[in-house]
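Comments concern the structure below.
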Amino acid sequence: MKQKLYATLDQAVADIPDGAQIMFGGFGGAGFPNNLIQALARKGTRNITAISNNCGTREGELGLMFKNNQIKHVIASFPGPHANYFQERFAAKEVTLELVPQGILCERMRAAGAGLQGFYTTVGVGTEVAEGKEERFLEGQRCILEMPIHADYALIKAHKADELGNLTYRLAARNFNPIMAMAAKTTIAEVEEIVPVGTINPEHVMTPAIFVHRLVQAKGLRYAG
Amino acid sequence: MKQKLYATLDQAVADIPDGAQIMFGGFGGAGFPNNLIQALARKGTRNITAISNNCGTREGELGLMFKNNQIKHVIASFPGPHANYFQERFAAKEVTLELVPQGILCERMRAAGAGLQGFYTTVGVGTEVAEGKEERFLEGQRCILEMPIHADYALIKAHKADELGNLTYRLAARNFNPIMAMAAKTTIAEVEEIVPVGTINPEHVMTPAIFVHRLVQAKGLRYAG
Amino acid sequence: MPGDGIQERVTPAKPRLTREQIAQRTALELPDGGYVNLGWGIPNLIADYLPKEITVYFHSENGILGMGRRARPGEEDFDQVDAMKIPVTLIPGASFFHQADAHLMSRGGHLDVAVLGGFQVSEKGDLSNWKIPGAKGSGGIGGAMDIAAGAKTLIVCMEHTTKDGAPKIVKQCTYPLTALTCVDTIVTDLAVIDVKPEGLILREVARGWTAEEVQELTGAPLIAGQRIPEMSFA
Amino acid sequence: MPGDGIQERVTPAKPRLTREQIAQRTALELPDGGYVNLGWGIPNLIADYLPKEITVYFHSENGILGMGRRARPGEEDFDQVDAMKIPVTLIPGASFFHQADAHLMSRGGHLDVAVLGGFQVSEKGDLSNWKIPGAKGSGGIGGAMDIAAGAKTLIVCMEHTTKDGAPKIVKQCTYPLTALTCVDTIVTDLAVIDVKPEGLILREVARGWTAEEVQELTGAPLIAGQRIPEMSFA
């Protein structure tokens, strides 16, 4: 049986090729796969399309990827005022950006995970977000068509995992991680603790193992902003 | 502050009018709001549009509603071979039926809860389910447009609740209940146990209180089929 | 009479409400037992002014319902932050969930009230609050568009005019839009205004200000009754 | 030679595989560590024939991953039932979730293998498995359409012919459809057949049957190599 547990962070990201489309979990300093991001920096994968709520905090979180010029396109909701490496690359036109409302970012990723081919929403109607998108009336409301966002890889952060890949998250560190785990072809989770199979209550599993393809244990490395 | 806790089952359903569109949780004998269904039978609400995976097991579960001729239209995935009261009414054309694939039933309810106005899916393409529905190609695949299913009320069953309405479910009794709770204007939950506020771990809440409008404690009453 | 006693011309020196007072006034709009999201800026000050006798369940779009006060030094847990990255406490009965569910609550009409900051509000209730034209950088949307589209009641808190004195309540928004016809009530440093199908209803004015003075600083017509009450704080 | 030794005409009396043998043969198609959904009918017998050395995580569309064997008398918990309403056990590492997530797993391509029963399969891999034309009652779809649309690999287990001897593998389905071009492999009481872009590939035949005999009972052309192996059970 294929093992999901990887010995090192570098092994867990070793096959991520140039040009990959990658989701990165985390919000507000919580639930970021910082250790995997550092491994991806060491690996040096380039021309990444990144899907992430924000674009890092200085060198922290996704910031390192922009500092190293590894990302060519971002789909994000709120790049952020402290994402200075992103903002420099963006101003220099070295990175392109698609801005997406935060909830619609979640739904577009979930649609990919759920095998849906698009959905209609009132969010963004009449705004820049609607530009170039199909618009129509449904249920008496002006709506735009939003398409799924797929990914080759999702890099996520969880609190505990069993060796099968069942995950739990701490507090608000859950955020985007369970959604991204559903949406990517290959989900790689860094977790603080690996626990024996059978010790996570089946009712309390937050990401079932079916969505997790690689696991690696890693502690610490938080950027408080 | 408005109290969610009702003293009796009958009070909890007392205002459900004739013609209401109502979701009923439960699957395979688990997680059915049987006590609320009996209260609704006593109340005698008629011309109900029911949204439910199945149509009861003889007199059990939703069966009582069909026996009493309280339902005029059903949106269901699998009415079931033991739903004899439904099948009789259906054969006599006293009840109409919209058959929906089970996962699409979930997604259409979720879309209502999530404020989405419709979605595209490959499920049902080329089948009876696609009849009368818009079809188009998206992401290189033949898709049909599916619309949200809203409801005036959801009758659901949970295991524990605090008085604010945070819910947990036992094992596979979760099934449709959390989705229906999101999709209805008024969600009424029968629960086996009411626990003090603060005793459910915030990480283990399965339906957050925002989705629950009425609570009533009720034990027992299971139809094993 | 409150609000109509002073008739002299508006001058820049005439005192307006502070940001904290705008927050304090807005706090009174929140219903007991309501589920409420507070956006960045002035709205984020509101929780401090909640009347003691009511309980409000604060929603954070990163996946918390039932936020309490901010964490004190030493009690911070950086896995328990609000949408502004600030460590918060919980009240009893709180819950955590993923972001798809968090925004489902916003967009799906489950929040009783959302309070957002604003750059411009139009007389139809259109809101611009995410990007200033010509500003440097990428800008960012965050959860505002989902919240504006979905909340049962949307309140916008903002100063009545820009620093240059230009009205922020306008006939048509000229800044990039957040959502169309979404605003229900505007609370500013000069007035409380309800957006209704018939137009902008001036509900209250700040102490020392008249309806006419407020109208002069407003870019769209206000509908004012005979006597406009003074903005109340309790 | 296995599978080509018998040349006489097919007669009704000639032994075919039992339903249990179809299940036993299909069990060999399941990958170690795979996530698998088993439908009603013959597929539901497969779990009993899983080779000892492999672990499969069985998915139930009512919200379980990691189902074990059925509960024995006395250990039933009626809150822990499978999609057929039958109380089941769990294996270590199981999890529960709501039905939207359960079907997301099916439809979103997360299941490695799904095994469904079938009334008809066309040469293009279209499946009919939910309604017999003219049958009494409402019929019911259940999870089959989501599963058929989404599984990475879809296996159909069924008898090769109807009770009247009519082929169930056909050029075009005449029964109400479940999904188009969804079937990858068909396991019957006579053969294992792969559905490929070039046509139906006869991979194995039941002991005592020839490719020609199987073809006679099949409503669409089979592509058969020189020597077709006998259906294996280990």
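Here the chain labels run A, B, C and D in written order, and each chain numbers its own residues starting at 1.
In this section, contacts are C-beta pairs under 8 Å (C-beta built on N, C-alpha and C of every residue); 3 or more make two chains touch, one makes a residue touch a chain.
Here the structure is a predicted model, which means the values were calculated and not measured.
> Strictly by the touch rule at the top, which chains does chain A share as contacts with chain C?
Neighbours common to chain A and chain C are B.
> Report the chain whose CA-based centre is farthest from the CA-based centre of chain A.
Ranked by distance of C-alpha centres from chain A, the top chain is D.
> In whole angstrom, what separates the CA-based centres of chain B and chain D?
About 31 Å, centre to centre.
> Rounded to the nearest whole Å, what is the centre-to-centre distance of chain B and chain C, using the mean of the C-alpha atoms as each centre?
36
> So which bits of chain A are touching at least two other chains?
If we look for residues of chain A contacting two or more partner chains, we find 107, 110, 114-116, 121-123, 169-171, 202-203, 206.
> Among all residues of chain C, which ones touch two or more of the remaining chains?
96-97, 104, 107, 149-150
> All pairs of touching chains, please: list them by chain label.
Applying the touch rule to all chain pairs gives A-B, A-C, A-D, B-C, B-D.
> Sort out for me which residues of chain D touch chain A in the complex.
Those residues of chain D that touch chain A are 32-33, 35, 54-55, 57, 59, 65-66, 90, 92-97, 101, 103-105, 107-111, 149-150.
> Spell out the part of chain B that touches chain A in their complex, as residue ranges.
Residues of chain B touching chain A: 107, 111, 114-123, 138-139, 141, 143, 147-148, 168-171, 202-204.
> Quick check: in the complex, which residue numbers of chain A touch chain C?
So the residues of chain A in touch with chain C come to 27-31, 53-55, 76-81, 86-87, 90-91, 97, 99-104, 106-107, 109-110, 121-129, 142, 169-179, 206, 222, 224-225.
> Going by the contact rule at the top, pick out the chain A residues touching chain D in the complex.
On the chain A side, the touching residues are 1-2, 110, 112-116, 162, 164, 166, 182, 197-198, 202-203, 205, 208-211.
> So in the complex, the part of chain D that touches chain B is made up of which residues?
Result: residues 60-64, 77-85, 96-100, 102-104, 106-107, 126, 136-146, 149-150, 176-180 of chain D touch chain B.
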